[in-house]
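Both complexes below contain chain A, partnered by chain B and then by chain C.
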Partner chain A sequence: MSGKARNLALLAAIWATLVLAPFWMPLVGGYTALGARVLVLALAAMSVNFLLGFTGVLSFGHAAYFGLGAYGAGFALKFLAKSTPLSLVCGMLLGGLAGALLGSLIVRRRGVYFAMVTIAFGQVLYYVAFQWSSLTGGDDGLRGFSRQPLDFGFASIDILSNETAFYFFVLACFALAVAVMGYILQSPFGRTMIAIRENERRARFLGIAIERHIWIAFSLSCFFMGFAGALYALVNNFADPRGLHYSQSGDFVIMAVMGGMRNFWGPLLGAAVFVALQDYLSSLTVNWMSFVGLLFVLVVLFFPRGLLGFARPKASA
Partner chain B sequence: MKPQKAAKAGGERAGKATILEASRVGKRFGDLVALREVSLSVGAGELRAIIGPNGAGKTTFFNLLSGLFVPTTGRVLFEGRDITRTPAHRRVRLGIARTFQITEIFPELSVYDHLRIGAETANGYGERPWITGAERAIVQRQVEEALARVGLTAKAARLVGELAHGDQRVVEIATALTLRPRLLLLDEPTAGLGDQETAAVVKLVGELHEDDDLTIILIEHDMQVVFNLADRISVLDQGALLAEGAPAEIAANPAVQEAYLGKTA
Partner chain C sequence: MTQLLLFNITNGLIIGAFYVLMALGLSLILNLSNVINFAHGGFLVIGGYIAYTLTPYVGFWGALLIAPVLTALIGLLVERVLIRPLYGRDPLYGLLLTFGLAFMIEDGTRAIWGAQGKPVTIPAVLARPLTPELFFITGYRLFMVVAAIAVVALLFAILRYTRLGVRIRAGTLDLETVSAMGVNIHALRSLNFAAGVYLAGLSGVLAAGQLGLEPTMGTGLLMPSFVAIIVGGVGSLTGTLIGGLLIGLASGVTAVFLPAASEAVIYVLMALILLLRPRGLLGEEGMMT
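And now, the complex of A and B:
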């Protein structure tokens, strides 16, 4: 019972912090656009963790689906229609469908082999984005689009120039995606994911079709990833091949592990720490990443369950 | 009620339908022949023990029955249906559940959730991201029944990884029960247990056989356990079936004494 109360308190604290961010961030030297960035990268890290922390499968090429999501949103805004919601749907579909397709080829691999193949596919997609300049803008990235006002018929909200309005738009998208993710994890399917993480052999001999379930979890995670990537394109009004690069995948894994991969909210904290350090340290030194790396090593050594790792499930009886 | 059950248990050896039939199943790993053309049939409601020295091929045989490996030769029939190449998870859906010699559990889950995953999968809910209130109630009833059946109700909220080894083995059996098997394969359920824990597991297995009429195949090293529980015993030695019969026949069989019992007794 006390565990339940503590969970509710944690939830309330998280959402209060997020909803009030435009008001408290300037006080600590932040700015609203930074908040939107944290949310988007947190969503991506949570998508990686959907697979890593809850299915026990490490993908080291997930940035590919993030980057594809960004291009999907950019293409939609540039070539299809000037609609923000449509761009999000297109980005999610591009990332998710690519993930579902490639995932079907690799679900029989395990452990290091799985991670290696995900890197390989990710890098293939990275080089496609990098080389196909006529479509993607190559190294310069995809430009010439911008997020559009949200049109409700009776009213329209300007999320392009009004940073605070845009932050709340991103927060609403984040909340929606996270709610769906949480719902799946609490469902019978979500429990089979955890069963696979805990003991694949036992899970198989409970009648769970392991490869099929890993494929579904991988695909779902790529849809979330594509959605996060699409939001990222809206944050920057720009899509970039580096968003697909494996070093970006590594950043997401670092956020998830640093925050605590057995905790649903761990990657959010990991992303916040990562982005805050990046923003602050990169203004002091170009070698900011070595400090993030140092912190990562310290966390792994002294808090192997991550910064939010103390919130591990405890027996109540 | 009780005498009727006992009479049934006595009569089934003669006439009851065959639930599992292995015909000339063999398995080789490269040059190593782990199992050579073993034929064995088990009647519905029977408790069959498989014994034999280490390396005799007992666990390999289980792995062929449960689908972890595909046999190199021969066929496996379950309820008249050829399952030789059926994937493991589908055999579970057909009604074959198993436990492992080395405990295979979900350590970070509560006992309740451990069983719940079994019940949800068996009911066919495991592939979907939703569950209705009515289905939730069904699962809850099934889990509570299984917990009560094995006497773990009081420990439902405990993490499986924190339980004593004996309780973990019982969790394995209880989880197998949530799958509503018609054939239960138990691979040394008393391995590594103390006397008291062994007695509890033996009592439970006996009850599942007598009261629930469950067909059980049991691999066991403890001869006392085997002779107490089994209707029939099959003896494997060096990958081949050495003998088969009622416990008294096996105990009197000179070849068995030579190959196995002689060494331990």
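And now, the complex of A and C:
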């Protein structure tokens, strides 16, 4: 019972911090746009963690579906209709369907090999986005679209120029995605994912179709990733190939690991720390890449279980 | 047309030779340390820049001998200090650590040697084309291929005929048993890691003579090396060798007919292999699955 009470208190604290962010962030030197960025990247890191922390499968190419989500949203706003909700749906579908399709090839491998194959397929999508410049704008990125006011018929909310309103829009989307993610993890399917993580062989002996479950988990996480990418396109009013690159995937994985990958909220904390550090370091020195690299090394050597790492250690490989 | 095709096949084979050198090093490290060495491209760059720094003093040939050895020593240090604590842990950590290391190496080389590309002077003997008709085969390109073949042959001879090689091959299959037989697997892994990094350093020196040097050049060669390993099959060095040549050749030939796709074709090849033969061309069933 006390555990339940503590969980509720933690949830309340997290949501209070997020809802009040526009008010406390300026006090510590942040700005609202940074808050929206943290939420979007946190959602992406949580999607990676959906697979890594709860199924035990490492994808190092997930940025590809994030970047596709961004392009999906951009294309929808530019060529289909000037509607923000439609762009989110399109981004999610583009990222998710690509993930589901490639995932069927990828799930044939496991372990280090799985990670390598995900990187390689991620790079394919990166090259496509980079080379197909007539559609994607190539290296310059996709421009010429912007998020649209939310129209409810009786009222409309301007999320383009009003930064605070946009932050709350992103927060609402984040909440929706996180609620769905949490619901899936609580469901029998989510429990099965954890069973596969804990002991794949035993799960197989119990008659669980491992490959199909990992494929579904992979695809679901790609849909979340596409959704996060679409939000990211709305944050920047821009989409570019670098969003698909494997170094972006690395950032997501380190956010998850730094926060604590066995904890549902770990990636949120990891993303907040990562974005704040990156923002601060890049204003400080041109060699910020070295420091980000050093962060990777230090996290791996000294905080392998992350900041919220009170979970049990992972079984040795 | 024939000449164009020949030109691109030669090109493909030369690129393939690079992929092979890189991928064999990666493969060695992956087999014994279970680490995907993301910093492998970084070691290539280090090798190249060391050669660039040494060339004025010891000449190209001296640099070719010394630079890869120095790179291997740096690799030895990295393995000892950073990689060794990760053995026995989830492969995720090795991947993340070397990923961060790759950032640091790229940024570090930029800080030391500058972001501008640097040329490496090659001996005049090697700079000439062989014959006017085959203008695209310079002595240097031929030399690169010969050097790559010699090193690969030496590596396979070591693996086949020496005690060290037998232990490395045995360790790939079952490191625990090798350890139980009284072999110091810490030393074995260190040596093996250094050997892998040596190959990266050597590729760096060879590539520097052909392409010049840039801090980012390692990353471009890393991805195809991954693909070479996947196509060839994890756990098989012969597979990696074939995989590297195959994707080099494929991208060379594609460059004739559809230049824009020359980069994409290697990934198409990989997808086909995964679809038809998931374990790779020569991969053992059950290895790393």
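Criterion: the second predicted complex is superposed on the first by the 297 of 317 C-alpha atoms of A that agree within 3 Å, B and C clash if a C-alpha of one lies under 4 Å from a C-alpha of the other, contacts with A are read in each partner's own complex, and residues count from 1 in each chain.
The criterion applied here is as follows: a residue touches a chain if its C-beta (ideal position, glycine included) is under 8 Å from a C-beta of that chain, and two chains touch if they have at least 3 such contacts.
What you see is a predicted model, and the numbers here were worked out from it, not measured in a lab.
Q: Looking at A:160 after the superposition, I want to know if it touches chain B, chain C, both of them or none. Which is it: first, second, both, neither?
A: In the superposed model, A:160 contacts neither chain B nor chain C.
Q: In the overlay, answer first, second, both or neither for which of chain B and chain C A:254 touches.
A: Only chain C is touched by A:254; chain B is not.
Q: Of the two partner chains, chain B (first) and chain C (second), which one does A:207 touch, if any: first, second, both, or neither?
A: A:207 sits against chain B, while chain C stays out of touch.
Q: So which one touches more of the residues on chain A, chain B or chain C?
A: Of chain B and chain C, C contacts more residues of chain A.
Q: Of all the chain A residues, which ones make contact with chain B and with chain C?
A: Of chain A, residues 316-317 contact chain B in one complex and chain C in the other.
Q: Considering only the defined contacts, which chain A positions touch chain B in the complex?
A: Touching chain B from chain A are residues 183-184, 187-192, 194-195, 198-199, 201-210, 212-213, 313, 315-317.
Q: Within their complex, state which residues of chain C touch chain A.
A: Chain C residues touching chain A: 30, 34, 36, 82, 85-86, 88-93, 95-97, 99-104, 106-108, 111, 223, 226-227, 229-230, 234, 260, 263-264, 267, 270-271, 274-275, 278, 288-289.
Q: Quick one: which bits of chain B touch chain A in the complex? Just the residue numbers, please.
A: Checking each residue of chain B against chain A gives 66, 87-90, 92-93, 97-98, 100, 104-110, 113, 116-118, 120-122, 125-131, 154-159, 162, 175, 179.
Q: Which of the residues in chain A end up touching chain C in this complex?
A: 52, 58, 60, 105-106, 108-113, 115-117, 119-121, 123-124, 127-128, 131, 250, 253-254, 257, 287, 289-290, 292-297, 299-301, 304, 314, 316-317
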